[in-house]
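Next up, some structures in structure tokens.
Shared between the two complexes below is chain A, which pairs with chain B and chain C, respectively.
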Partner chain A sequence: MNAQREFFEPEIVAFCCHYCAYAAADMAGSMRLSYPTNVKIIKIPCSGKTDVLYLLKAFEAGADGVFVAG
Partner chain B sequence: MIFGEQKPLEEVEEMIKDCKKILIAGCNTCVAICFAGGEKEVGILASALRMRAKMANREQEVIEQTVQRQCEWEFVDELKENVEKVEVVVSLACGAGVQAVAERFPRAFIFPGLNTTGIAITEEAGVWAERCLACGNCILDKTGGICPITRCSKGLLNGPCGGSQNGKCEISPDVPCAWQLIYDRLKVLGKLDLLDGIKPPKDWSTSQSGGPRKVVREDLKSSS
Partner chain C sequence: MNNSSQAIGAVMVVGGGIAGIQASLDLAESGFKVYLIESSPAVGGRMAQLDKTFPTNDCAMCILSPKLVECSRHLNINLMTLADVLKVEGEPGNFEVTLRLRPRYVDLEKCTGCGACFKYCPVKVPDEFNLGLSERKAIYLMYPQAVPAACLIDMEKCRLCKACAKRCQAGAINLDDKERINKIKVGAIILAIGTDLYDARLKEELGFGRYQNVITALQFERILSPSGPYLGHIKRPSNGEEPKKIAFLQCIGSRDLENPFCSSVCCMYATKQAILAKEHLPQAHCEIFLMDMRAFSKGFDSYFHQAQERYGVKYTRCRVSAIKENPTSKNLLIKYQTDDGEIRKEEYNLVILSIGAQTSNKTHELAKALGIDLNEYGFCQTKEFTPLETSRPGVYLCGPFGEPKDIPETVTQASGGAAKAMELLVTARNTLVEEKTYPEEKQVEGEEPRIGVFICHCGTNIAGVIDVKEVLEFVKNLPGVIHAETMLYTCSGDSQKIIKEKIEESELNRVVVAACTPRTHEPLFQETLREAGLNPYLFEMANIRDQGSWVHSKEPEQATEKAKDLIRMSIARVRALEPLYGISLGLSRNALIIGGGLAGLTAALSLSEQGFGVYLVERESQLGGNLRKIFSTLEGNSPEKYLKELIDKVTASPRITLMLNARLVKTGGFIGNYQSVVRVGGEEKEIEHGVTIMATGGREYRGEDYLLGKDLRVLTQQDLEKVLASNPEKIKNAQTVVMIQCVGPFKPYQEKPFYCSRICCTVAIKNALRIKELNPQVQVVILYKDIRTYGFKEKYYNQSREKGILFVRFSDEKLPKLGVTADNNLQIEVEDFSLRKSLIFQPDLLVLSTAILPAEGSDELASILKIPLTEEGFFLEAHVKLRPVDFSAEGLFLCGMAHYPKLFEETVSQALATAGRAATILSKKELKVGGVVATVFPKKCAACLTCLRACPYGAPFINQEGLAQIEVAKCQGCGSCAAECPAKAIQLLHYKDEQIILKEEALLEKFGS
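Up next, the complex of A and B:
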């Protein structure tokens, strides 16, 4: 994912709360709003479900950045 | 329970840097309770080591397994298949667990991933504090249930010493004076008479000073 490119585009993993951030992303979709394809969304039941292991696994799989939204 | 702390990542990395395949072995009893060596901590350490290997361009495979207790053969034996697959095992158990794995697998390299601290209680979430030094000759009946061997920095049997200031130990204002605690508690219990007289020197032969301890219960031993 971290390939050499002319312009570095980070791969971002977003852990989104089912009840707010994920719903917002869903709403954005239904409103035909676009967001960058290099943001990969993972729905979690609550941002409180976030675990250090999830973050590490995302980095281990090659993510350049991880954020939690909730 | 036994409590401990994981060694710094750099120290673990140094131990295993020349190995191609490593097993991180966790223990799901005491060290899981203090968040040092249970299944989750094994996952975190393994993940961190895999990333470090990748960043350093090292060809290294890190596998994980956690057993219920690393200090009992029945559970240690569950590691057999993975131990045979790897060059080295990093055990996140206490020192007893590390040695049990080493004893069970005489041809395997077993490295410690933890520094074992002692026997503690969980004072509050995230705080573990030593309560017992396993001296082998308990005197808590004479000290109101507070152990001066463990909690007095000098291990005094007849305290407090002159370093007790406002209920705190001279080593740190964060450390309560064990003898102040003992006095306060015995006062509440109406048992201050327990402090009359001088306690004679303790017999330390029951502690580790008398050599490695062993308890043998003939009634529980297998007859074979």
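Up next, the complex of A and C:
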């Protein structure tokens, strides 16, 4: 399905802990740093909440990478 | 207070650092109105400037920021920034305070802190927050996460060009803002004003201010910080190169003639900075030049050990007297003596000065305005037994203003200071607090989703990058969206009104706001939903600013596409969200305190003064614990007298039930509703209590080291203390007394981890001075590794040197050896670290400063209460920095030596802190629990116990049906159990698998899978 895109741009889903990694992503914003737009963050209450199911579902639905930070 | 009915149920907290924030939160959570007065433009204090914190290397801002937000949002905390206290009149219980409110020139109500104005301001000034290492504009935000998140104008630098006023779309600029004088009425005052730092320019020989690569530790902290001047990269200020050799110089403005006290934190922060420097630049050589290593608190020694062994940080015992700069390379030349006695010259690329704490003129002015006394060092004058009280009744203090101290001790004192104010104002509790009422909630279950989407421009912050119109058109067509609009500032007061109206008009039952981060703004919008009669959980935010326009400003098209994705994801999730309801529980207003020593007695008395019931359980037949074995204090007060008074008060209190010869057998329940069984004598008693405080104390190690217990001439410090009190003649006639420090059940850094027992240096010096007082002719020798007389205890170390007490340093490798001569004399042989020579003493008495161990039975109690222990066997708190007296299970607290060895006044502060923290629970009318909690679907549960093991809070249990169930009051909503459950029998409400997966699928549906 990625072939539909002109250049290969991996779609990355990130699961971030509300308290740390999500806060760090906000901080990148406050400091006007930049990173590619193809990273989309899903906030979870704790990285311990990350379920294998979410990781597999992401790949099944077409994600190219999944990233868990906490 | 003359008439208690006049007491005012409000407290003024001066200083918005971590101390003031903690005191304010504790007071506001226990029924008092709080005025939090901060002189700078934002709260956060020194901690906000730190990169990480020792000894856990937690990110300072990550742990502080939620507290800042909580403080600013609290209904009963009135935060006043740019405010100074001018005058305090009245008496305890009823003060009138005159305040000066300096102009901000920016309307706090209107400014969203978006920072769009900075770009247009033409004036650049050195940034004070980064200590001059970067620049800011004349209109600025004190720091990126500042609370309140509002800009201000530096009028001294402003050119009045009005560029900001023209650009501010919120219309927040007010150049006509004026200074105002305000009066407030409060019942008590807590001073949490912190300290200033030593001005390193005064040490001209070190070249600070002249040599670019000589910086202060606080500057280095900003350099290490990812939000600092170099974005977290370590560079030399002179040329931006990475330093290869870094030197840290200790005791700059501490332990000298100017400031004859120890600043207590510098050894540890330098160690932390060296570790972080090695993490950033593994090849760099980091060397700390110090006198004594003062790693005297929980986990500090193992951190120090780690710095050397794992990171290769070098520690050299030398106080460097001068720095010279190489004018070409800007390197810095340091001449010093190595530990082997060799004089050496070395060049370093960067030198960091570990500056100490001191108070400033501003502190002196404030002290004058408040009418409180300062001590010989310019810090707050306190008394040994009342460390949190100033010289003016009704005015309390906490934090380094009393004595230099680290964050956990500061936070501890803050809760303790709050407890003192609560005691004073007990009759006024709940008289001035506000409670908000909401309309009845609409029932939306079973309805089709009717979603309202509000897209924020955030001035130009979002709209300047993202095409919000295009996003709006896209959103309108998404399933379930009934209403969508864009707003200039979604967070403004008018916008809340509009959102409420739209919920009414369009009968919305779900809301999505696409704006900034839910971390700061979700509670605001949830509040709006509640005001409109919607359940606050039917809400979702799409973060299109902090994680959108701000990070993708150079790719507006992609940023617009990402915003669409994020909103589509939020809409998918909001459709599946369900209303959640908390439940209210009643609670017991009693505390169970285990341990009747100084800690337990102090906590019991404070809680009883506050009107709560206490069960005080002591396993011995009398109260007093270790305090019964202390007969003198450094400042010459009588602990015996103090203890007697304390016991009399506790015994006389009708609210305290004493249980002597008693042990805790069993405990169950949860916060507010614990049931325990205590065995008193032969009888078992059942009690109900809302909180539990562990105050089980510690004990002196009495192993067989150095013939202890075998030869009567060998004593411990506690034995000596007793002899000094009861049989001073015995000491008077001695010729030589030798003391050995750091005697414990560990071989340094080998079998068992070495930990510093914190009090022994001070106790040894106290007793040594007492011997010299009895007979100046007695030779007193103290054999030590490091003298750790932190804070103002340094004074007594200086005194003991003046009195001729001999200090001999030995190393871990060569411990002193004890023998008995042919004529039956004790003989101690020790190699002096600096002289490299063996010294021999034949003492009449050998006194061992032995380690403090946890009380016997601590492990048993830990298993009854299901609370963790450290490697050394002390109880482990919820968070070593910001929750120093809480356990992670709510409603359980700890104080005194059960936490770690500590001095008398530290135990008092900590015990009061547990009383303050406990009061935040016991004073509640009811406990609200539930909301985002885990829930078990019994049919799927196989009772495999995985959830019981996964939960850090002990919330899951096996119920009568033999299935797992979650104790709602214990659940913190982390969802670890839900993720671990192999049968998928547990779901975390608001984060159900379906709700998360729908979000994922919404993101990826564009690929047409």
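Just so it is clear, the second predicted complex is superposed on the first by the 65 of 70 C-alpha atoms of A that agree within 3 Å, B and C clash if a C-alpha of one lies under 4 Å from a C-alpha of the other, contacts with A are read in each partner's own complex, and residues count from 1 in each chain.
The criterion applied here is as follows: contacts are C-beta pairs under 8 Å (C-beta built on N, C-alpha and C of every residue); 3 or more make two chains touch, one makes a residue touch a chain.
All values reported here derive from a predicted model rather than from experimental measurement.
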Touched partner set for A:Glu60, first chain B, second chain C, both or neither
both
Which of chain B and chain C A:Gly29 touches, first, second, both or neither
second
Of chain B and chain C, which one touches more of chain A's residues?
C
Can A:Gly48 be said to touch chain B (first), chain C (second), both, or neither?
second
Touching both chain B and chain C, residues of chain A:
51, 53, 57, 60
For a test of understanding, state which residues of chain A touch chain C in their complex under the given definition.
1-2, 4, 11, 13, 18-20, 22-35, 37-38, 40-46, 48-51, 53-54, 57-58, 60-63
In the complex, chain B residues that touch chain A
40, 43-44, 47-48, 50-51
Please name which positions on chain C make contact with chain A in the complex.
59, 61-62, 65-66, 144-145, 226-227, 231, 517-519, 543, 545-548, 550-555, 558-559, 561-562, 565-566, 569, 932, 950, 973-976, 978-980, 988, 991, 993, 996-997, 999-1001, 1003-1005, 1007-1009
In their shared complex, chain B is touched by residues of chain A numbered 51-53, 56-57, 59-60
